[in-house]
Amino acid sequence: MQNRWGPTRVGPFGLLQPAADGVKFLFKEDLTPPHVYKPLYIAAPMIAVIFAVTSIAVIPFGNALTIRGVQIPLQITDLNIGLLVVLGITSLGVYGVALSGWSSNSKYSLLGGLRASAQMVSYEIALGLSLVGVLILAGTFSLREIVQAQSGHFWGFIPNWYVFRGGQIVAFFIYLTAAYAETNRIPFDLPEAETELVAGYHTEYSAMKFAMFFMAEYANMITVACLASLLFLGGWSGPLFGPQWMQEILPILWFALRIFVFLFIYIWVRGTLPRFRYDQLMAFGWKFLLPIAIANLMITAIVVALKP
Amino acid sequence: MVPLSYYLVLSGILFACGVAGFLIKRNIITVFMSIELMLNGVNLSFVAFAARWQQLSGQVFVFFVMVVAAAEAAVGLAIIIAVFRTRETLNIDQVNLLKL
Amino acid sequence: MLHLILFSVFGVICVAGAVNLLVQRHPINSALSLVVVMGALAVEFLLLGAEFVAAIQVIVYAGAVMVLFVFVIMLLNAGEEERTSGSKVAYLIGIPGALAGTVIVCWALLQHANAGSAAIGALPGHPRDIALLLFHQFLMPFEVTSILVLIAIMGAVVLAARPESTQRSRKED
Amino acid sequence: MTPDLHLWLIPLLPLAGAAINGLLGKRFSRHVVASVALIFCGAAFAMALWIAAKFSSLTLPHVESMTAWLRSGTFIIDYSFALDQLSLVMLLIVTGVGFLIHIYSVGYMWEEGGYYRFFSYLNLFMFFMLTLVLASNYLLMFVGWEGVGLASYLLIGFFFLRDSAAAAGKKAFIVNRIGDFGFLIALFLIIKHFGSLDFQTVFAAVQPYAPETTGIGFLTAIALLLMLGACGKSAQIPLYVWLPDAMEGPTPVSALIHAATMVTAGVYMVARSHIIFERAPSALMVVAIIGTLTAFFAATIGIAQTDIKKVLAYSTVSQLGYMFMACGVAAFSAGIFHLMTHAFFKGLLFLAAGSVIHAVGGEQDMQKMGGLRKHIPVTFWTMTIATIAIAGIPPFAGFFSKDEILWRAYQTSWIYWLVGVFTAFLTSFYMFRLLFMTFFGEYRGAAGSEHGHEEHAGHGTHLGRDATHTDSRAGAPAPQKHGHGHGGIHESPWIMLGPLVVLALLSIVGGWVGIHNRFANFLSPVFVANAKAAVTFEGAAATPGGEAGLETKLMVISVAAALLGFLLAYFLYNRRPELPARIAASLHGLYSTVAHKYWIDELYAWLFVKPLIAVSGIVFWRGIDQGVIDATLNGSAGGARDLSDEVRHMQSGNLRSYAGWIAIGAAAVIAYMVWVGLRAQ
């Protein structure tokens, strides 16, 4: 772990630093370099952030909250095909990266965009396939039902999470790896590898447009963490205690805790692992993750089929 | 309630746009996209007919069309890359060696 | 009524996207218009109840196939379309033919088809039902398609791979 | 419910061997090739024995149908195999003799190129022959029939580098085609009249017909056409010319295909179709006449031949004539009996001849042999046994079967008998002539012998390995071991002698099964209709005891004829070897006519081949092919070219133009469909 200390000037322990950064971005001069293809140059960060944020729409945060007799489902909309929608919308996020790279009319950006699109399309397959094992076990696409299928314990104390069941721990790690690649995080951050491509696809961006890419990236990280929690770690389940209102609130806390852990791992990995080479990245995705994911899928399917 | 023929007409228009694209576009990639557009139009008619006859097989067929389209896109784009590599052009009017 | 409004709105978006595909001269704009068309079509599918198809439409078409297109456009650095006129036939015969065909079909559909009408979600296509169809009634076509895809993958790899001669010379460098 | 015997396995085993050797044999060593061939062939033989062991428990005929082959309306052909007494006998002969000859070939062909090819062909032949024998319908039989023809063609032309071998292969194939043509038309006639090719169905349908004693009906036509096919396959007049030439093939092939099995397929087919023949007396008469004539005619040619294998070839033709004579007088079981004994002794003769040829280094001319008795005793003794057997001297195998035939022939007409006996005399004469010329007297060969004697000591290890004759025959340059290669006259290795001995035993005892008509009784269920038909046809076929004395008399006469032949041969070729030349000189014209096989080949060439070539050249090639067909085609092609020259401008190579044409076409189709649809409403 060799991460530097962050700036500590703003607020206690520098906690307000993100807010300060945001304000700073808003007020910086919004440069538009010459020779860029303007419509897409402007649209690209929007696309990125829009899709990143939209995909959270179908993710449930907990059971319905009952406040003064009014039931508030902790989810914007519950779809039968919730998981597919998440996957679909995240898959559209590629456009933001790819288009920004192309429209910047800069070789670094273009290379970054190319890398990003190839990488994200490739790893999306492994990502999707790693989830299918869980889907076979749960038998539904609805995220809420998947979470409900994970309630309870087996052997008395181990929670019924899919990460512990049916060998899906393999799928979990495939998912985690592919998710890092999907969100362009270290060790798969080749689209923005600063040692090779200056800053990759967002080299030519500044001010709030630049910030939007980062918003999109972190939003995607949170989405991915949400999905991991929901599919593998039992969603918002956890010990409930205390008075009524606390029992209402606690699931949200448990869910947030899981996401926090995932985000922590993100940063942890960033500090630990070096970056892949591009051909290694592709070979890893196609020749290692994908076969394992398919094998996991086959085995799970056979086990489920043979189980009476 | 929307008459299903509206859906079919929409599908027809999309298909016609695809045909027109094939006829007037010069860029191979765009021509290829026109084909995808046609396939999409057909997909819509499949789904509409599925609703008309209350038969899910119509929707299953959309699935097949998509798979074929994806395969076709992969091969087609590979061909386009190969063509570009040898002829250094994407203009379909200049890729016309297939004649007597 | 809501159905009609939604249908019209997204139908118009569809057609607008398709026309934009034709009008735009830069392939990347065409590609993005096509993505819009596909997204709007997905909504039309949803209106007819085909939720699974809609999701797949977004994932496969918009998320994968079109990304591939964009990728190739970027890779080949395809520029503005040249306005060459290589084919008189396409304009003199093709366009009128396509127009005539479309008009005839649309006329026949609007005037003489009794296709009935559909409410929102006319035929719910749950993934489970579709899967049952796919893996029972359509198992054979499904397997055949999978072989097709396999062949397509291999074909794409072979076609897009650099010719061996250049590969070798690159290694020697 | 009879047990499932898996009859299909029997033909398929050799096929598997053929496939393995044919596809992979090139990489195998000779040992592997030989063992593969032997294993699969031996397995078929073992299976045949197993079936024979279970035979008594079967309900006959035992038909096993694999799967449908052709289904066209009511016309159904299955892949089905049938087993009855007749096919069991054939099965045992084919697999047994075939297996022995396989063993023999391992040694005989050891030094040849294309070893794997040879065994692949040989196994292929076994497959087709077994298909032929086991088939339960005419079409499957025809498959085997054509297949053995193919295998025969391949094996005759095995040394394809020699022109004569290739030509002989072609000749055999083409002459056979003429016969097959007849067979095929017969099949068409059968389909037309009975709507089936299945043996049981057809025969059941034929059963009610009365013999066509007056006039010639379709049964006679079918029978004659079948006979034409049999003539081709079994080398009968007028289609026998291919068989002597077929001796170009390796000797084991001559033994297996052109003596023991394939050429008897015609006899088998006639016997199998006996119900049809019995109802066509005039066809039967034709069969008998052809058989008798062939027997006599070929025997006379055999007298003057000097090539050891040619003598045997004409002898085969002659013996086949006997079999047809038997069939012609409705003594089918006698024919099959002779077929069996003939398979033993003629196979043995050929193998022994091969051993002789092997011994003298590839020489086939008997005039250059002589005195071999001392050098190759085993071969000599086995060959002597075979010669006695074929001459018809009791108690050897040939006596029983030939006597049976002659007896039955006599019952029909004494002319057949007379010719038959005279032929027996000739047979005995030329066979002993062969024996004396080859094994007695002084060695008349080249000087190679003394050369060989010098190296006699070290020779034993090279037994069978130095068959340089085969190299020279294959047109390949002689190998470097030429020095000691030509070697002396030496006995063949035991892998070749073993089969000789087994066959010699069979040649001795093989005929004993015919004592007291046991063989005929065994086959009688197959020829059960025989007796009835024979009654109507002949009047008094059922042998009453009173005729036994006559039978004995005839037997004595035929044995006497054989002994006479032996004595004459002994006198001419052992006592007074200079005499034959003088006789030949005094009978100059007759002798050369016989020696040149009555100029039949030349006659055929002048009568058929030349006119055919001329007619083909002038009428078909110049006239029809060039004048009509080519002119029409070229004319239309030219027209098409001119037209397309105009239209090709549509083919601009521009994709968008193509799309334009498609669009307008699609619009037209859509318009038409909408119009039709609306009109229907």
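Per-chain residue numbering starts at 1, and chain names A, B, C and D are given in the order in which the chains are listed.
Simple rule for what comes next: a residue touches a chain if its C-beta (ideal position, glycine included) is under 8 Å from a C-beta of that chain, and two chains touch if they have at least 3 such contacts.
Please read these numbers as outputs of a predicted model, since none were measured by experiment.
**Q** Name the two chains that are joined by the greatest number of C-beta pairs in contact.
**A** B-C
**Q** If you average the CA atoms of chain A and of chain D, how far apart do the two points sit, in angstrom?
**A** Each chain's C-alpha centroid was found; their separation is 81 Å.
**Q** Could you tell me the distance, in whole angstrom, between the mean C-alpha positions of chain A and chain C?
**A** Computed from C-alpha means, the inter-chain centre distance equals 28 Å.
**Q** From the mean C-alpha coordinate of chain B to that of chain D, what's the distance rounded to whole Å?
**A** Taking the mean C-alpha position of each chain, the two centres sit 66 Å apart.
**Q** Quick check: how many Å separate the C-alpha centres of chain A and chain B?
**A** 32
**Q** Tell me, which residues of chain D touch at least two other chains?
**A** 652, 654, 656, 659-660, 663
**Q** Quick check on chain C: which residues sit in contact with 2+ other chains?
**A** As it turns out, chain C has residues touching two or more other chains at 52, 56, 64, 68, 73, 75, 86-87, 90-91, 94-95, 98, 101, 105.
**Q** Who touches whom among the chains?
**A** Every pair of chains in contact is listed here: A-C, B-C, B-D, C-D.
**Q** Note which residues of chain D are touching chain C in the complex, please.
**A** Contacts found on chain D: 652, 654, 656-657, 659-668, 670-671, 674, 677-678, 681.
**Q** Note which residues of chain A are touching chain C in the complex, please.
**A** Chain A residues touching chain C: 40, 79-81, 84-85, 87-89, 91-92, 94-95, 98-99, 101-102, 110, 113-114, 117-118, 120-121, 124, 128, 139, 141.
**Q** Touching residues of chain B toward chain D in the complex: what are they?
**A** Counting only chain B, the residues touching chain D are 19, 22-24, 26, 31, 92-93, 95-100.
**Q** Going by the contact rule set out above, which residues of chain B touch chain C in the complex?
**A** My answer: residues 1-10, 12-21, 23-27, 29-30, 32-34, 36-37, 40, 43-44, 47-48, 50-52, 54-57, 59-60, 62-64, 66-75, 77-82, 84-85, 90-94, 96.
**Q** Within the complex, which stretch of chain C touches chain A?
**A** 28, 32, 35, 51-52, 55-56, 58-59, 62-64, 67-68, 70-71, 73-75, 126-128
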